[in-house]
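First chain written, first letter: the chains are A, B, C, D and E, and each begins at residue 1.
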């Protein structure tokens, strides 16, 4: 049992537990905080895999950006101390059945499947490589998506503004 | 970026230009003169549309992430024409005071969505595909809620974004599995490395579910009706024509290129989906009273027919799908155009309000009838040809029973289209919709649609052109 | 394919679990914001998948990594629009319970 | 060589008259229509006589036999390589004889009708229809092939329908015309099927072929059987069914009494002299075939004829409507003719029955037409059909009375009137062949004399009822035909029929068989005597007898309830048990099924509307479930 | 220019003409002129056809024109006529001409009415001249769809229900048909080569037997639905009952003939093997149609229903005769189509005219009409007599040809059904006479009817045109029969090759 293993199991346990708490917690703000924990643990997994850039983005954008956004909106729309009533039991059972059966199916297939790893030599996964590839227009270069997403963000921003803006 | 690249990507780049120009115009036009944006945007877009038709290069860019072919360009042009018609139709709606503050935003969002679609159908890998898909969808969700002073519109927006987020989550999960089993996100590489395995099938099915959501195939269609009903008419027509057409096209391209070795299986997946879609779509459409909701279900049923073309899995199939989309653009937009005009003038959207309309507004009624006949596939209007070729495509693969079911479904669809015709022509009404004059843009849009409905069917060169550009498995 | 004694399947189990927990949340949570949070879980699980596949199986390039990156960005855009819409809903309906939003049906 | 091509005018003139009067009749004065029609028919009659004269007396015979001549024969319709329907004029002894009969009676009726129908609404129409009928009947008798015969047969039926229903505002007339048409139509179905069967084997419709040696040979050698009977017998029996329908043989006789609803001249023309003998003519036409290929069918014909003659005679004794009495008398007489054909052999002396039948046909046409026209004259005078409302008319209607008496004597078969000669030949033929039928015919002869004189005495003698108007003799235009026909009835018997019309077209000598003739005259006299005793003065004795007979009388009076049986079959079985269920089945089962499909669709549509609940999470649930289900199907169930 | 093109062009010009008119007078006039021209053209066509044949042109199809349309699918605009099509075109012209006059006084939206009517006629013309399955199918649907508006808008009674039912059932039929056509198309080149929709081309090859067996029923039933094949005939009574006069005329008179025409021109001609194998099933169905329709008619009270059931019976006879597959019977079948077309059109025209006066179609409520409207009544009697097969009118010729032809089969099965079918003529007599008796004869039952008027001039034009045609065929049938017979040969050769 190496430290890596322990760390992995820790992250894994945190992710699963906090995920479950996120979708079951009866206080909305707590749910948001649990989500934050999940996202942070995920970032931990990325670190564990040595994907620092990804982990950084995860922390900055996800944990920092989205969760904060969510919390703001919670503050705008809900009372902090409001406790949810539990959803109807039949709904929960149906949803759980669907989710569990889907999960069972997926896990079964994942575990049965023999993954074939790539044969080419691995490339080094550092900031330079990421930077190069992000701006490359060659194969395995990601300049185009990087540009296009800006259009998406612009459009999304305008969209969010016209909706959220108090109209006449 | 050199000229060649520009020419290859001219649709996207010019469109971005249009968006920026509109944005600039917005900045420079005084707040009480915002409606001047409308002609500017229309003219810009018209120019862009015309430029799109000019012959230009095709090719692959960004190491395979972006690819285009003459067929793709043709399809983009079809979408452009559709969007142009929609813009024409929306002009008088945008002129209303209540929308005054948000005219240029409307254009920006709509055109951004179109950019997303253009990228989507030009995608050469799953990342660009997914990105295009989201770019096309996310801004649109805001447009669905554009009439934000209306509960229905708000409801449409939230339903759209949440269900589309769920669907893209599932789609993404499927893509991740594809990536895990094949080791690439590029279409060509995936196609090479594709080995059928249960896990791959799972990924594929998740992918299909996600796509089915966009094309609104049963049982992934539930959002459609609510969103179509709640959204402003012009947004609905954009959703039902442009959005759906683009998604269907890229779906077909991906099936043909990436999953060609699975064609046996996806043929059967589509078999099931198309039967479900046509039948359920029709069953729901039968009892609708709200015109937008009615057209929503009708467009669901139409999507089921499109699948028949895809199942042909050949040049013929591809031709028939593109051709059908072309026909569908004009027919459906004509129908939506009429709904939009009436909704603008009177605010009425129920089928019962249309009772006796022929006596007061004969031209609108006739256009509506032609459009519905075209949707139902009645000759001599174009819809007949479109459907006929779709069925030919399915029959060419021996799916005769499916064709039978489909044509019977077309008969059922005729039933509810005729209900509208009946309302307009036959039903008596003491107070039918008053006679009114529609604006220039509305009329222009409808004339284009009607011309299209009549011309496309008989004009075989169009069909032959598409045929020449199409490819099969 | 193990890394530090952990096989790829370990990641897959986590991501799958997270994915379906997200789905469960989406199906049962009454509050629109909590549904949005479930969506985030789903997207996050997909990201784990991409990164894990990339790292374990195909370190020859960084497609999975970038895919995940873009997904994060898209998730952000999506979340912002969604929240705008939720606020819009809150204005119109004075609450954000999903079960109340059923003006259009059948 | 004598050219008979002018005979086509015998057909053209009446049809032209029909078109002229039918299309333009309303523009003419009524009387002009009548005169035009009569003149047309007069020309036709003269042409017929001329043709008969030429045929029997000028045309050279070949091997002593009368020739069969196709005066015209054009193709009307090609059916198949071997089967064509042709239209033409066929000249042989019986067709010539029929031409004479039809044109004579028709002319007389035309002439008579000018007086009888005077002032009636639709006078022009009446003459148009008469022309149409005459055309059809003439076309029928000169038919060169069985299909042409069928065509004109149908036309005759329609003309009869139109004429019976002439008084279309009278429901009983409408019903009668309908009944006549449908019953004969039903019989014609048999005729048609018979033609189909026969022509299939003989590969021809032409009489020259099918009754010629080749046709006989083919038909005789048919080995196919159906339900134990040879196909030839079937075919000929079915054809006879057509004939039986037209000639009102039992049990297809029910339409004829009702047909008396038509104007009386029509009854004289169609329902006494011409159309009703078409069945006899048909059998005579195909006689060689019957004789050689289906002797069994001939036996059937004999018995049907015999039975009908007895049956009708019995009913005739009880009827009070004078036209009905005459109608049943007609039935009875035609039964005689059929019987004669049925007992006849082929060729020479053996063909006596054939000759007798034709002979009787001829004489019967004359005296029965006379009887009907006389009856018309009576009705014209008293405005009633019922003998109860008549009596003592001999004073008022002298000419009618005299001619009527002649006719009654003729039909009773008294020497030397024509009826005697022809009936005697029939009895002789029956005597040779079948004793049972012979005895029946004796009985019928007596009955005939009885009921005719019952009629005669009740109308012209007996008590005089109270007349609203004093009856008066009919105008000359009506009595001339009576007189002409009376003369014909008296003298027609002296025609040398066996020299002219025989089964093999070879003349032979016929002798009067006194052993047969004398008793028959005696029986006739007995019948007259009984009638005299019972009906000369009043009806007291009659009523006693009627009471004595009780139920038997009622049954006979009601024509053995045959009509009621038919009503039961049509109303109860065809209408209520077939048509109504069919209509119900169609509306509720077949159509119900189609509507059911629509209903199920609508119902399904309503049932599944709940799926679109408006609840986002339900949608998502379906979405997830759908994806999982598709995955399961295509991972585990698909191949 | 090719004469056949006129059959499409004239109606289109007429429609344009109607659009230019201002009032209903102009509308009628333009329609009448258009349809009159059409009638003249079709008469000219007959003479041209004869001239061409006499000049020694023995091609199967004359006046062929072939434009490539959708090249990659090998879809052509291919037209041409043989004697049968010529006869059917003449029928259509006569009926549509009479139809225009029968609807002379349409009050509500006359322009729309005449346009729809002419669109319907155009579809029919196009169908009869088409030799390409695609074009044929296109025109078929063009002909069917105006029915909806025509019935729904100008009909009577439960018109909306009937219109919907009729349209949907016919479209359902076209669903089956379409599958059949695809089957033919995709088997039109069993040995490789180009697939084709060209009927004449396909007739030269042999479609594989399994394919024939599968697709023959689709095609036959598909067309059969339009031809009122039992048990798919139920659109007919409702549809006819609700339709306005001219529409009933055109529909029963011409449109239903599309079914019969398609059955032999497509189903039997192209799939002779299956036609032989499966004929017995359809012979039974059609024999049922014949008898069942006739019995169904007896019980009806509504004039139009009676005629609709009678149409079921008569049209059943058409299909019945076609399935007998010999020259005589098929000849009879086609004569029957034309004859039934004319006389049923006449019936419906008269019923419409009577209804227009009495405002009821229930025979029980009428009576003695002979007295007040002798012209119409006489015409009705003539129509009735034609229907029950009186010699000298067209019905007789058709029925006799059919029966003689059908009886040429020596086996018991064919003969028994033939006799069964024959028996319908008696039943026909029953219901026709019943109607005539109740409706026209007898005393006038309703006092108000005493003041009714007889036919107006345009109604006379309509009925006389039809009666003249009926009588013409009845008196000189050989002319029509030979016209058809000349053209039956290729079809019979094809059928006898099995």
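The rule we apply is simple: a residue touches a chain if its C-beta (ideal position, glycine included) is under 8 Å from a C-beta of that chain, and two chains touch if they have at least 3 such contacts.
From a predicted model like this one, the values you see are computed outputs, not experimental measurements.
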| item | value |
| --- | --- |
| If a chain touches subunit A and subunit B alike, it appears here | C, D |
| Innermost chain, where centres are averages of C-alpha coordinates | E |
| Between B-D and D-E, the pair with more C-beta contacts | D-E |
| Centroid comparison with subunit A (C-alpha atoms), farthest chain | D |
| Chain centre separation (subunit A, subunit C; CA means) in Å | 6 |
| Inter-centroid spacing, subunit C versus subunit B (mean Cα positions, whole Å) | 27 |
| Geometric centre distance via CA averages, subunit D-subunit A, whole Å | 102 |
| Distance between chain centroids, defined by C-alpha means - subunit C, subunit D (Å) | 96 |
| Numbers and ranges of subunit B residues touching at least 2 other chains | 127, 131, 134, 138-139, 141-142, 145, 148, 157-159, 162, 166, 170, 180, 183, 198, 202, 225-226, 287, 412 |
| Sites on subunit E at which at least two other chains make contact | 168 |
| Where subunit A touches two or more other chains, by residue | 91, 94-95, 98-99, 102, 105-106, 109-110, 115-118, 140, 142, 145, 149, 152, 156, 159-161, 163 |
| Touching pairs - complete list by chain label | A-B, A-C, A-D, B-C, B-D, B-E, C-D, D-E |
| Parts of subunit B lying in touch with subunit D, wherever the complex brings them together | 158-159, 162-163, 166-167, 170, 198, 201-202, 205-206, 208-209, 213, 219-220, 222-223, 225-226, 265, 268-269, 272, 280, 283-284, 286-287, 412 |
| Contact set on subunit A toward subunit C in their complex | 2, 4-5, 8, 12, 15-16, 19-20, 22-23, 28, 31-32, 35, 38-39, 42, 45-46, 49-51, 53-54, 57-58, 61-62, 65-66, 69-70, 72-74, 76-78, 84-85, 87, 91-92, 94-96, 98-100, 102-103, 106-107, 110-111, 115-123, 125, 129-130, 133-134, 140, 142, 145, 149, 152-153, 156-157, 159-161, 163-164 |
| Touch list for subunit E against partner subunit D, complex | 165, 168-169, 230-231, 233-235, 237-238, 292, 295-296, 298-300, 309, 326-328, 331, 368, 370-371, 385, 388-392, 396-397, 400-401, 403-405, 407-408, 410, 412, 418-419, 422-423, 425-426, 429-430, 433-434, 437, 440-443, 477-478, 481-482, 485 |
| Sites on subunit B touched by subunit C in the complex | 126-127, 130-131, 134, 138-139, 141-142, 145, 148, 151-152, 154-159, 161-162, 165-166, 169-170, 172-173, 175-177, 179-180, 183-185, 225-226, 229-230, 287, 293 |
| Subunit A residues touching subunit D - in the complex, by the definition given at the top | 91, 94-95, 98-99, 101-102, 105, 109 |
